[in-house]
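Shared between the two complexes below is chain A, which has chain B as its partner in the first and chain C in the second.
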Partner chain A sequence: MKKILLVCNDGMSTGFLTNKMNEYIQSQGLDYEVRAISEMTLDREWENSDCILLGPQIGYLKDSIVSRIHNARPVEVISPIDYGRINAKGVVNQALKMLGDL
Partner chain B sequence: MDDLEQKSFEIISSVGYAKSCFMKAIQLAYEEKYSEAQKAIDEGNEYFTQGHIVHASMLQQEASGNHIMMTLLLTHAEDQLMSTELCKTMANEIIRLYKKVGNK
Partner chain C sequence: MSSKKDLIINKVNGIAQVMAKQIYFRAMRDAFAMVVPFLVLTGFVILINNVVLDPAGFMSNYVKVETLQTAQILGTKITNGTMNILSLLVVILISYSLSVTRKAKNVIIPVVVAVSCMVILMPTTIGITPIGATEAVEVSGVIPFSLTNAGGMFVAIFTGILATELFIKLSRIEKLQIKLSGNVPGAIVSSFNSLISVMLTLCIFAIISFVLVITTGYEINEIIVNIIQAPLVHLTTSLPGFLVLCMFTNLLFFFGIHAGGIVNPILEPPLLVAMQQNVEAFAAKATIPNIIVLPFRDLYGHIGGTGSTIALLIVIFIWSKRREHKQFANMVIPTSIFNINEPIVFGFPILFNPFMLIPFVFGPLVLFVIAYAATYLGLVSPIVAYVPWSVPPLINGWLASGGDFRNVILQLVLIIIQVIIYLPFLKMYERSLDIIDEENAKEAIKE
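Let's look at the complex of A and B:
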């Protein structure tokens, strides 16, 4: 099972999106797991993931996050439109593309 | 997803993205890329306004007697709105400061 990590300031709004994404993944019978964490715990969590998606509110940290994880995982910022609409399908598809599964 | 959750998320998403623009603008100004910094500020302002409009419409709804139920998610949205407003003010000041120091 591949693991998708969502990161934001506090993990609250991404936590909300996580539930919707896991519901969508289950409904499609896909084999992925989505987790939300706060940016502060990234350093001890990132190794347990296959790709990392950032909430739009911490998009400005992308470059520093890529170097913090030694460029070892693909990192992208979630589109603010998908995020605002809680478009779980859109964000899952973004992750699948990053993982080369779509 | 109910209407309240949707609106809360709209606020969190637009002002969250705006905050990221303002922080990016500070980074660009530090690198003396002032016109790119201004573009980031302009983009941030646009997104900030979008979030503000959603919030204002909720205030108007409540003022007209249509009570809105307070949730932790809405509190979080208002928290993001407030901190981004501060971030916006400070970003503009910090850019002015970098320009002043850079011109010496």
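Let's look at the complex of A and C:
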């Protein structure tokens, strides 16, 4: 199972999106796991993931996060509109593209 | 138009990046996030001890005063282990976070070095007033809570940063490492490796502290408290200083950037110190010293999240003429109740929406002024208990005020005011959307 990591300031606002994404993944019979974490815990969590999506409110940290994980995982910022509208399908598709599965 | 927008985004992002790279800000932010459970427990215990178990309160009608006083001991034990050693917890957490960022080989060593340095900086004799006495006596061999509670916050921040940095720098100098040869267990090797750098760090702190006392007559604690902590607390708890910092928070979020790593490291430590001053005064039944403390922001200006967007949702439910706005508002209620409003900022959107700039950025500043005046005039209680930002509105007002319903009424009034502030701007925004829709429809007909 591939693991998708959502990162935001406190891991709280992405938490809601995470639930919706996991529901969507189950309904589609896909084999992925989505987790939300706080940016603070990224350093000990990133190795246990296959791709990393950032909440747009910490999008400005993308460069520093890429270097913190030594560019070892693909990192993208979630599209603000998908994020705001809690568009689980859109964000799952974004992750699948990053993983090369779509 | 869009190139101008991109330019602004790049500028703001650039500034935010520079600020976020400040690893000391990161360390402080992480430390204050990890200390929250201790603060929340303190808040609960203070409320129970001083409202429910108050020997002069309503419970004294049912229970003997002595029994209430005995029951308070339980809470006092808890406040001793949380609020009263807050600075010790902070020095540990800052040093830990910084050591992890600096990739120290054995993180626990810089952490204990920092704790050690913090105690080294403390005065060797303390003036203490015994219970029942009027005059202070000088004693040695004790650490009073006044040095380890929030009063020592900035000493903890400075020691946590400086001691850790100094130790890590020294421990990376090859010549200072003692190499053991032969078959020696790893733990012993690493403790010998850092032997000289540990001793040097402690001695440097001791010498600086000693020289300062000898030459100036002031302890380093007093210097840090008087030159840094007191002015910062004064700045952030004064209405103008607080308003300016909160305006930056709102403005950053308008640009889609969370203020967590940028404004909060400046705003939050002094406001936590102010919070603890209030808690201590409340426990001692003294006059509450500060109107603006950390939860003041969350209670009165971040109702439903930054920009008090709960009011925007109410405006949409009652007055919006657009179906998609009503559907959207329905969807984001669950997160808004817990003051999480990223969905509103990015989805409505508030982000770069010129119609939302004024109500989102400046509306909450109006609310702060009103809440400040209401507290100043004694119409509501000052904030005496720490409540984390994610506690739902109205409940947080009741808890933070020590159970005063007038504060909840104030919050309701503030929501109504913010509704009035959002209303005309939502109308204008929807009118502009209508015009765009009409033009699109016309073009569709032409084609």
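Everything below uses one rule, namely that the second predicted complex is superposed on the first by the 102 of 102 C-alpha atoms of A that agree within 3 Å, B and C clash if a C-alpha of one lies under 4 Å from a C-alpha of the other, contacts with A are read in each partner's own complex, and residues count from 1 in each chain.
Convention: contacts are C-beta pairs under 8 Å (C-beta built on N, C-alpha and C of every residue); 3 or more make two chains touch, one makes a residue touch a chain.
Values in this document were obtained by computation on a predicted structure and should not be read as measured data.
Ranked by how many residues of chain A each touches, chain B and chain C are led by C. In the superposition on chain A, contact is made by A:55 with both chain B and chain C.
In the superposed model, A:43 makes contact with chain C only, not with chain B. Look at A:102: by the touch rule set out above, it reaches neither chain B nor chain C. Chain A residues 8, 12-13, 16, 55-61, 80, 83-86 lie at the interface with chain B in one structure and with chain C in the other. Of all residues in chain C, those touching chain A in their complex are 12-13, 16-17, 20-21, 29-30, 33, 100, 253, 256-258, 260-261, 328, 331-332, 334-335, 338, 340, 342-349, 351, 390. By the touch rule above, chain A contacts chain B in their complex via residues 8, 12-13, 16, 20, 55-61, 77, 80, 83-86. Interface of chain A with chain C (complex): residues 8-10, 12-13, 16, 38, 40, 43, 55-61, 63-64, 80-81, 83-86. Residues of chain B that touch chain A in their complex: 1, 5-6, 9-10, 12-17, 19-21, 23-24, 27, 47, 72-73, 76, 80.
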